[in-house]
Amino acid sequence: MRIILNGAETEVEATRLDAALAELGYAEGPFATAVNQSFVHREKRGETELEEGDRIEVVAPLQGG
Amino acid sequence: MVRFYDVTLESRLMLGTAQYPSPAVLAAAVEASGAGIVTASIRREAAGERSGARFWELVRRLGVRVLPNTAGCHTAREAVTTAQMARELFDTPWIKLEVVGDEQSQHPDPFELVEAARILSADGFQVFPYCTEDLSVAERLLAAGCEVLMPWGAPIGTGRGLSNPYGLRMLRAAYPDVTMVIDAGIGRPSHAAVAMELGFDAVLLNTAVAKAGDPATMARAMARAIEAGREGYEADPIEPRDMAEPSSPVMGRAFLA
Amino acid sequence: MVRFYDVTLESRLMLGTAQYPSPAVLAAAVEASGAGIVTASIRREAAGERSGARFWELVRRLGVRVLPNTAGCHTAREAVTTAQMARELFDTPWIKLEVVGDEQSQHPDPFELVEAARILSADGFQVFPYCTEDLSVAERLLAAGCEVLMPWGAPIGTGRGLSNPYGLRMLRAAYPDVTMVIDAGIGRPSHAAVAMELGFDAVLLNTAVAKAGDPATMARAMARAIEAGREGYEADPIEPRDMAEPSSPVMGRAFLA
Amino acid sequence: MRIILNGAETEVEATRLDAALAELGYAEGPFATAVNQSFVHREKRGETELEEGDRIEVVAPLQGG
Amino acid sequence: MVRFYDVTLESRLMLGTAQYPSPAVLAAAVEASGAGIVTASIRREAAGERSGARFWELVRRLGVRVLPNTAGCHTAREAVTTAQMARELFDTPWIKLEVVGDEQSQHPDPFELVEAARILSADGFQVFPYCTEDLSVAERLLAAGCEVLMPWGAPIGTGRGLSNPYGLRMLRAAYPDVTMVIDAGIGRPSHAAVAMELGFDAVLLNTAVAKAGDPATMARAMARAIEAGREGYEADPIEPRDMAEPSSPVMGRAFLA
Amino acid sequence: MVRFYDVTLESRLMLGTAQYPSPAVLAAAVEASGAGIVTASIRREAAGERSGARFWELVRRLGVRVLPNTAGCHTAREAVTTAQMARELFDTPWIKLEVVGDEQSQHPDPFELVEAARILSADGFQVFPYCTEDLSVAERLLAAGCEVLMPWGAPIGTGRGLSNPYGLRMLRAAYPDVTMVIDAGIGRPSHAAVAMELGFDAVLLNTAVAKAGDPATMARAMARAIEAGREGYEADPIEPRDMAEPSSPVMGRAFLA
Amino acid sequence: MRIILNGAETEVEATRLDAALAELGYAEGPFATAVNQSFVHREKRGETELEEGDRIEVVAPLQGG
Amino acid sequence: MRIILNGAETEVEATRLDAALAELGYAEGPFATAVNQSFVHREKRGETELEEGDRIEVVAPLQGG
């Protein structure tokens, strides 16, 4: 399935968000997620089904002003 | 002592964490500043990148509270989603709400800002909105549930000091009991002191410290200036006078001419 | 560290001793200020009056150096005699040389000032002349032997802050190695910070502290502002910019719109 | 002899500054003196002869700015 | 020449008609100002009162265009109804749209203002909105159909001159082709000149003229200052320099020392 | 009407003649300015050079009075000789007396200036001394016989506007009846208007006009600004107020909310 | 019928706006009207029926800033 | 005789200022003169004797600020 991960087209086999993240290599470490511009809580990733063309954002803390 | 929602802190300085030459310099500046709060942001991270984790570790070691921001958002929707992600990442209900009108001036967009503030406050966030000195916008932000306002001193990164001290003074006078933090535009310690002398409760700084030749020294200078300005405000300063008057007594002067 | 002739001190604040509500408040303000130098004056004393002795005792207990002034003098001759009497009374070669043109504005009279500075320097005094930002006057004062200059910020007692920051900047630039103290006109901590950010070495205050609602707190505020301004000067501040620049990184921003 | 002490006419019998000061009641305590606008050092008071109409200034420390 | 919707005028001064000592003084001031536009308001009239008719007659005789305002309105609804009544009374599609947040500061309320501007523009009005220097508000006013903006210089009646020249400069730069009139806050001719030197197209004045000791002379002074500022803007002024430069040639100077 | 010694003129603008792109542009600027006085200088001329004669011819055709200066002089002696040569060349007792402390800042040297003013006044000159806002220097210049003072606005050629408006205001207040001309430092029409609003009698300009993109237009702009500032001064302007107040009447407002 | 005219309670017999205005003494001269906060065009006054408690505003030109 | 004319060494045969100026080519046109830093009035040039090494300044009008 083709998705958009952080703005770049990517293929994943998984159809749920948690599995897709694991497949893409996001393991430990603090990160947060949104699908199609809506926040997906950490605990909802397992029940979030992905669809072709979904836009997934994976973000982490960064210095800021 | 200054109150941000249900937290009361000693330091009236908030420090941004961006643009330092190195993490070590950032850490030294935070320590020198005595800040109780630092700001942080979020951004996309590639799988296995770990830079978010390293930054997070650094902040933890500093032992200060984190105020995440929504830097770069142009719409209420973006800002809301960003705030939600930040809340999960930083584990705090605090959010410095930035919704800006354009990349160039980074000026707050009052319409999107107020809408985002309403949504986030209703969702349990404790919102610190980056706003202007506009009284009507302030009124709506407070009505939306904000208990802190962060009016700009000048556009972000300009280091010009307060562009509109009169307008800021009117804002301060209109809502004397609301915690207000001057955010952005400060370049020198005297600018921070002026903000505090106008009766503002705190100052948020980033560029002025991070880009100074010696960030740790500048951080300490800013901390001192903020305390100085606050104490000056509390000590009831003299009013400026138009004509000079001698400070040494003139009675009893020896006649030697 | 700032050098006044052959003395080097930590504190960059000098405090005047006039106009306080009471000797106790004066003492508290001096202590809170951390000042290493206080100014004093002389005046006629009636036989048996003892007020001079009491003041002298108070100053002694404060453990600070005294810089006597020639307040109220309008001619070189008056100032010279006053300085000589002050030297005997305070047992110091230091003299803050004030020769003013009129009672109203207390502005330095450059002609009488330079003449008095010549006479006093030749007589072994270490002269601290209260002057303006005038470059030609400064040049003559230095030629007369002065190693310290005390340009005014604004007329005495006005509390307006620096009237002519551009002129003061030019004076600072013209003689970068001369110890210069901004004397008079400061009202708020931010004014003192501005003076220090311009590169001046110290600030002398009196009315702004003595007449504040809470002199000791204001003294501490001024001390902090002076340190803040000095550190800001040394830390190489950012230049003001005309246009905004985001302080949070824009690369890698999540796309949520 | 009539002198002007700190601006006020005064009679003294003494003809030297140190004696005049003592006569006028200036004893202990820090004070400094000038006669006719010229400083007179503490140690010169004994050799300073006064004349009719001399203007004598006696000053002490005072708070100042 | 300055364009307000489909009208092009020579004079860059608009004059308010309130607060004059008498109708005769108002008439003299309008004449002395050379203004092509005066503002007017509406208010309740009792039956048989005729004061509206007398004012209307006065304005007619002055031979200038009238720009009616919605002074005192706090909501879009009030402003819209007021504008509609004004259109009928003054027989003009022009409306100076004031929607203010409180009586005290008379600051524009951007939310109600933009809504009213949308409704009125859609209803065929040519809206002159009294706004701040806020870029996001300006953007929405223009999107609503406004072809003129009237940013404040300072709050109405303060006579302080421009509170935020930097912000106004940014607004001017953001929309270089939009007709912009500085409205309110001007006190002296130099304030009006500064507004014009920043590139604004016109200035609206009232209190500064009406309450001056000599309104007609002040009106003429303001007119001259506005022309002066505009010509100065067009003549490409020199940039301020930090250091002096002799204006008389130094080459060939006689050697007489 | 402004009085310079025994001459009374309509125009309050004096124009310098240096630095124009061409004699034709100079002539156009003088004409546009309406100035009644232009300044001129002297310099070494080689035999047969004739440039002095051409300049002299140009000035004659302009039909204005000439105020020769002593530009570039550093001592009283140089200035006196220069003034004497200028008197012969320009056939006028008027001399704009410049005695400056260094090439860099072109600041007036009060010591040499006062001495030269004494000598020249005694020799029958009508001296226009270029000075600072120093009250003691002014007092001595007046005592020397000067009936006009020319305090600087800012160093020559900087175009910064008034560096020390407070000091200039004090000077104006100290000698309300002396003709005072702000000389140097003006860059924009608003600067000139401010000078006049402070109560000064005239303004001398050179660089701001000569180096503007369009000198003739700038000359006219300056002339208007000077008249505007003067009329503003005479018309008794409103005092700045701290809080906004409505200029449209609030009584009788329709209730439409 | 009781109406509110420019904020003050007033009795009128007329039931249309134009007649009410005439009855109240508004004759010539420039004025404009609103009923219950909505503008009523000059030409619509004849067809505007009033009801008990209506709030009528009658305004005229005035100097303004 | 060697003189300094406007800063440059020059030889002249004339010994009076008026003659020297004529010899050097200064004829018509407005100019003013100083010798050794002292002004010499136009009418005094004829009686001003020059000496070896005298510094002569000849100046003319110029634009100025």
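Before moving on, here are some points about what is shown:
Chains: A, B, C, D, E, F, G and H, in written order; residue numbering restarts at 1 for each.
Going forward, a residue touches a chain if its C-beta (ideal position, glycine included) is under 8 Å from a C-beta of that chain, and two chains touch if they have at least 3 such contacts.
This one's a predicted model, so the numbers in the text were calculated from it and none came from an experiment.
Traced through touching neighbours, the fewest hops from chain B to chain H number 2. Contact tally for F-G versus C-F: the pair with more C-beta pairs in contact is C-F.
Look at where the CA atoms of chain D average out and do the same for chain H: the two points lie 64 Å apart.
Rounded to whole angstrom, the centroid-to-centroid distance between chain F and chain H, based on C-alpha atoms, equals 33 Å. Within chain H, residues 6-7, 34, 37, 57, 59, 62-65 each touch two or more of the remaining chains. Across the assembly, chain B contributes residues 16, 18-19, 41-45, 69, 71, 77-78, 81, 85, 105, 107, 155-156, 160, 170, 184, 206-207, 243, 246-249, 252, 254, 256-257 that each touch 2 or more other chains. Within the complex, the chain C residues that touch chain F are 101-102, 105, 107-112, 114, 132, 134-137, 139-140, 154-155, 160, 163-164, 166-167, 170, 174. Residues 16, 18-19, 41-45, 69, 71-75, 77-78, 81-82, 85, 103-107, 154-161, 184, 187-190, 193-194, 197, 206-208, 210-215, 217-218, 220-225, 227-232, 234-254, 256-257 of chain E are the ones that touch chain F when the two sit in their complex. In the complex of the two chains, the chain H residues touching chain E come out as 6-7, 34, 37, 55, 57, 59, 62-65.
Residues 16-20, 26, 39-53, 55-56, 59, 68-69, 71, 77-78, 80-81, 84-86, 88-90, 156, 184, 206-207 of chain F touch chain H in their complex. Listed in rising order, the residues of chain D touching chain C in the complex are 6-7, 24-34, 37-39, 41-42, 57-65.
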